[in-house]
Amino acid sequence: MMSKEALLNTALMALLLLVPLGAWFADEPFLITLTTRAVIFGIAGIGLNFALGLGGLVSLGHAAFFGLGGYVMGVLAYHAQTYTSLMTWPFELPGTTAMTIIWLVAICLSALLALGIGALSLRTSGVYFIMITLAFAQMLYYFAISWPAYGGEDGLSIYVRNRFVGLNTMDPIQFFMVCYGLLLLVLGLVWAMARSAFGLALGAARQNEERVRALGQKPQRLYLTAFVISGAITGLAGALFADLNRFVSPTMFSWQTSGEIMIFVILGGVGRVFGPVAGAALFILLEYSLGGLSDYWHVYLGAILLGVVLFARGGIYGLIAGREVAHD
Amino acid sequence: MTFKPFAKPFALPASLAASLALLASAGLGPIAGQAQAAGVKVGMITTLSGGGAGLGIDVRDGFMLAIKQSGRNDVEVVIEDDQRKPDVAVQLSDKMIQSEKVDVLTGIIWSNLAMAVVPGAVAQGKFYLSPNAGPSPLAGKGCHANYFNVAWQNDNLHEAAGAYASGAGHKNAFILAPNYPAGTDALAGFKRMYEGELAGEIYTKLGQTDYASEIAQIRASGADSVFFFLPGGMGISFLKQYADSGVGLPVVGPAFSFDQGILQAVGAAALGVKNTSQWSKDLDSAANKAFVDSFQAEYGRLPSLYASQGFDTANLLLSALAKADVSDADAFRAALEAADFASTRGDFAFASNHHPIQDIYVREVVKEGDVFTNKIIGLALEDRSNAYVDDCSM
Amino acid sequence: MSLVLFIEQVLNGLQFGVMLFLMAAGLTLVFGVMGLINLAHGSLYMVGAFAAAATAAATGSFVLALIASLVFAAFAGVLIEVLVIRRLYERDHLDQVLATFALILIFSEGTRWLFGSFPLFLDKPDWLSGTVGLPFGIVYSRYRLAMILVGLAVAVGLFWMIAKTRIGIRIRAGENDREMIAALGVNISLLHTFVFALGAALAGFAGALIGAIQSVQVGMGEPVLILAFVVIVIGGIGSIKGAFVGALLVGLTDTLGRFLLPVLFRLAMEPSAANAVGASLASMSIYLLMAGVLLFRPRGLFASQ
Amino acid sequence: MTDPILEIRGLTKSFGALSVSQAIDLDLRPGEIHALIGPNGAGKTTLVKQIAGALQPDSGSVRLAGQDVTRLSTAARARLGMGRTFQISSLAMDYTVLQNTVLGALCHRGDVFRFFRPVMKDAALLEAARRALDEVGLGALEAQRTSELSHGQRRQLEVASALTLEPKAFLMDEPMAGLGVEGSQHMMGFLDSLRDRAPILLVEHDMDAVFSLADRISVLVLGEIIASGSVSDIRSNPLVRSAYLGEDEAA
């Protein structure tokens, strides 16, 4: 028999697939774009959830990775489209419009950034950790605004989406399928990692650092590894998001972006592998349904978020699927 | 300033319907789009919530006033709030083009949002009429046959400020702007027309609200005048603090910090400041008088620069519609290029890169009764086009 | 660069720092006593500024406006403490971050609903306008000087209250041991409401003082909020002394950084580029300061344990 | 005499003016249970922390199996063979009993950084974990969530977790607390048999348990070891009687 959680997972993934497919038949391309947005935000949330839900690392600076992923896309595509090189010394490095290469670079650079930020931030914990991650993201935000080479505050437009072998990525449904495929891949990897030796040890460190130490492992190493994986996933989402919009700007680095990614995680259910996907989908739905009700729709959004925190702990998954069942 | 604290928010039937359709389709499966009526469908993406909403609301109100006055009921306007976020603006433009199937887009206030939306929209064959932002790339190498700017090229008002400063005999100006592309463009624009020396040049942090440090540097610099470009709340803060500092040098700036909406928040600190604008509510033309009166009658407040731009944008659109059908892109484009409408700012024509050729005035901030407002005191640049015409190969 | 200019910049940094302290004091107290991260603290700052602007517009009195800022911000503080915040004390930081983030949305759009989208007008009174001459030929804004003095007076008052009064003893006890204070028979929930209202009043007061020389507008609280967080993290969360030192450090670093960095880069680069690079680095300077402090003292300069 | 497994020499620690450990000497030899007793506030917990590596002493040394570990972290000491149980249960409360034990076996094997194979299907780890659970008598409860266990059962789980490390020495902080009569009996019998696998440094309140189990007893009072010896030595030591057992008017 399927557990409630498994049922919810299946329903969610089916809905995310069926809505765009239906929209495709009905020629409502914007609905496809909207779902793509939810899928990409879902991936960003999965990234944060890996550090936050599994490792207990409350990062308010994941916009740093989201933004970096976006700029990797923007910069590489910009150089490829203008036939210029990223650098000419010590070796010539051209840009590219191949999505797969862009993803790889985004993942690697975000992981590297997460390694740096994590190594420094993990010297602290608790509120200090929240604030220092926020500070690092703010640093990148101001840097992106004032660095003129790639548009500064104006951002960078790339007009056409990057290439993916055999597909016309400008067609909303095809680009959606690419993102959906990546979502499945990321979900699969995270699902596996949560059940792996690393996942077991990381979860134990979140619940009780002393225990892990007494068993001969250093919690900091577990945290740092989790933070790097987390940053890499969010960086991938950033690259996809920039490709969806064909545009990247410093807004992706802003602290509101970090806050929104955190909202996806909490709305869906902290620590639930599929939670951020549900959270992102609900957020997009709220944004577009409330946005039509009133100019002041942020008030309603705020009230709903507040309600979730105060009365629906555990988010959508906590509400529907109940307490998390210890997995085996 | 007149507030209507509990005024009913502008009804957005189209977007509401769209949201309901979205909800319905999410649950019940997609419904087919409605058949299109004749006439034209306009998508307006502008800032209606959060910081800077005042500008978007003015553009929208000015635009809708013109549509209302035209008496045409075949112009459908879909209005959406971009929240001043570039990614939201891009999503909305996708929505306008893909779902709403609009013919013309307009409304964007901020250059960075315009840079995100315009190139993609015009590449898909839509017309874009800019009621405010005029970033230099869109005037130069990135110009496009379907992109028309009805306000100004971003540099224009700064160039006028530079010209005015030279004309007024300022020889040693201190200039400052936020450290972002529009800021660097502003200082470049000023320097293009300014002939004197610079006592100092400062880039401030975007969103900065305390200018004590900069004002101290102005005081120490030996400058004879100050030029600043600090849009929104930044300008309010600067002016209040500058007036209080007792530095007392003459100040020149573009109209953005002296707009009707902002001026009341600055108060007496702005009195006497010179600013450059392509429009002013006291411009002596029949079209402008009619606009100012009808705007006040409709909304119960004085119109702003942005409202005039929204109004002109709609009238340009209407003038083109009277001549050609929007489905005939070439004819419609030619009709837009003719700019055959009564602009609130007097003579108006398009340069070859589809940016305005217009007079730019110098205004002074004065107090009329209880209200702070602007009065025209002269002409800074006559029939000014822009510096990027030659970069545009259209 | 003259010495006079440098001293004036130091005064500016001091003034900025003192105002940051008013914001940071409430944040750090609320964290120290109740263990709560309050992102909505910036909204209380905004409430104070709007209350002051509305009162000044209605009565024309700046003093009444300042009083209104204290009263309304404290009232808003009590309101959200009773309705929302007190449910969050026992929650983890994550819930607190999200709930108070939601409060920001409600406050910001609610204020826009009430007051419209345009900035409001608030000006300092005539008797505080203009400049004063200080020794060494320094000419300085009378109002800013008043802000420094008022801020320092509030700081002294706060230190005195915490160190000497009965309520201060309870606050300190609450920081050290929440159960003990309940055992002492103190009405803990009243104490929490009081501390929260006090922090809110200070933030609102800062909002009104700063609103008079800046722009009273929706969203004015968030940039200050982030700075205030930087302050208390540098100072050590929960420490009033830390908040004071941190505020002055941040104020001076920001002001002097903006002023000195471009000068520094002009030694090596052509002026326009130097200004741009200097400005970029200056906008990152306080975050670099914070990262630096946390590297060497992971719990801030005046960590409570 | 065989070399001690755990050897503590001159361990000294003070917090400001308060001296919590004063030149403490203590050792643990193969095959023995060495009990550490003392009244509340004697400094037992701080001493255990210093031995385990959670607290740095001001001076003195700790040697484990001949190696100086004074400067090593808790994790490093655990890897060298120190199996610790806590006074207040320190477990991953959201995990099942089996998960907590598999965690121990995994950490002992050391390959924590494996990302894709499901750890709860690893036969070797499961076998080690189940063996440890059976030894402490928790075998039947392996699917229970740890937070749902009684205090006594958590104690047992702590011991099982320490067992999976196959340590060279056990450091047990009040393993009998909260067990009840029957549980205590069972645990005592178990600890009795455990001493042949690895010696136990036992901090315990339950005097009956201490006197029936221990080979040697050391008495800690106000941060000082005031007596150390066999059960009968301690029973008859007048210092202990006055300071600890409170038979003197000075108490």
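Chains here go by letter, A, B, C and D, matching the order in which they are written, and residues are numbered from 1 within each.
The criterion applied here is as follows: contacts are C-beta pairs under 8 Å (C-beta built on N, C-alpha and C of every residue); 3 or more make two chains touch, one makes a residue touch a chain.
Keep in mind that what you see is a predicted model, and the values were worked out from it rather than measured.
Here the chain-to-chain distance from chain A to chain D, counted in touching steps, is 1.
Most remote from chain D, judged by the distance between CA-atom centroids, is B. The geometric centre of chain A is 35 Å away from that of chain B, both derived from CA atoms.
If each chain is reduced to the centroid of its CA atoms, chain C and chain D end up 49 Å from each other. Each chain gets a centre from the mean of its Cα atoms; for chain B and chain D, those two points are 74 Å apart.
For chain A, residues that reach two or more other chains under the stated contact definition are 142, 145-146, 148, 296-298.
Of all residues in chain B, those that touch two or more other chains are 49-50, 53, 179, 184, 203, 205-206. The set of chain D residues touching two or more other chains is empty. Contact between chains, per the stated criterion, is found for A-B, A-C, A-D, B-C. Put simply, chain A touches chain C in their complex at residues 52, 58, 60, 120, 123-128, 130-132, 134-136, 138-139, 142-143, 145-148, 255, 259, 262-263, 266, 270, 296-299, 301-306, 308-310, 313. Every residue of chain D that touches chain A in the complex is listed here, in rising order: 52, 54, 73-76, 78-79, 84, 86, 90-96, 99-100, 102-104, 106-108, 110-120, 122, 145, 161, 165. Considering their complex, residues 31, 37, 84, 87-88, 91-95, 97-99, 101-106, 108-110, 112-113, 226, 229-230, 233, 237, 276, 279-280, 283-284, 287-288, 290-291, 294-295, 298-300 of chain C touch chain A. Residues 9-10, 12, 15-16, 18-20, 22-23, 25-26, 29-33, 48-50, 53, 80-81, 85-87, 90-91, 94-95, 98-99, 111-112, 115-116, 119-120, 123, 135, 179-182, 184, 203, 205-206 of chain B are the ones that touch chain A when the two sit in their complex. Taken together, the chain C residues at the contact with chain B in this complex read 1-2, 4-5, 8-9, 12-13, 15-16, 108-109, 112-121, 123-124, 129-131, 139, 141-144, 210, 212-220, 223, 255, 258-259, 262, 271-272, 275-276, 278-280, 282-283.
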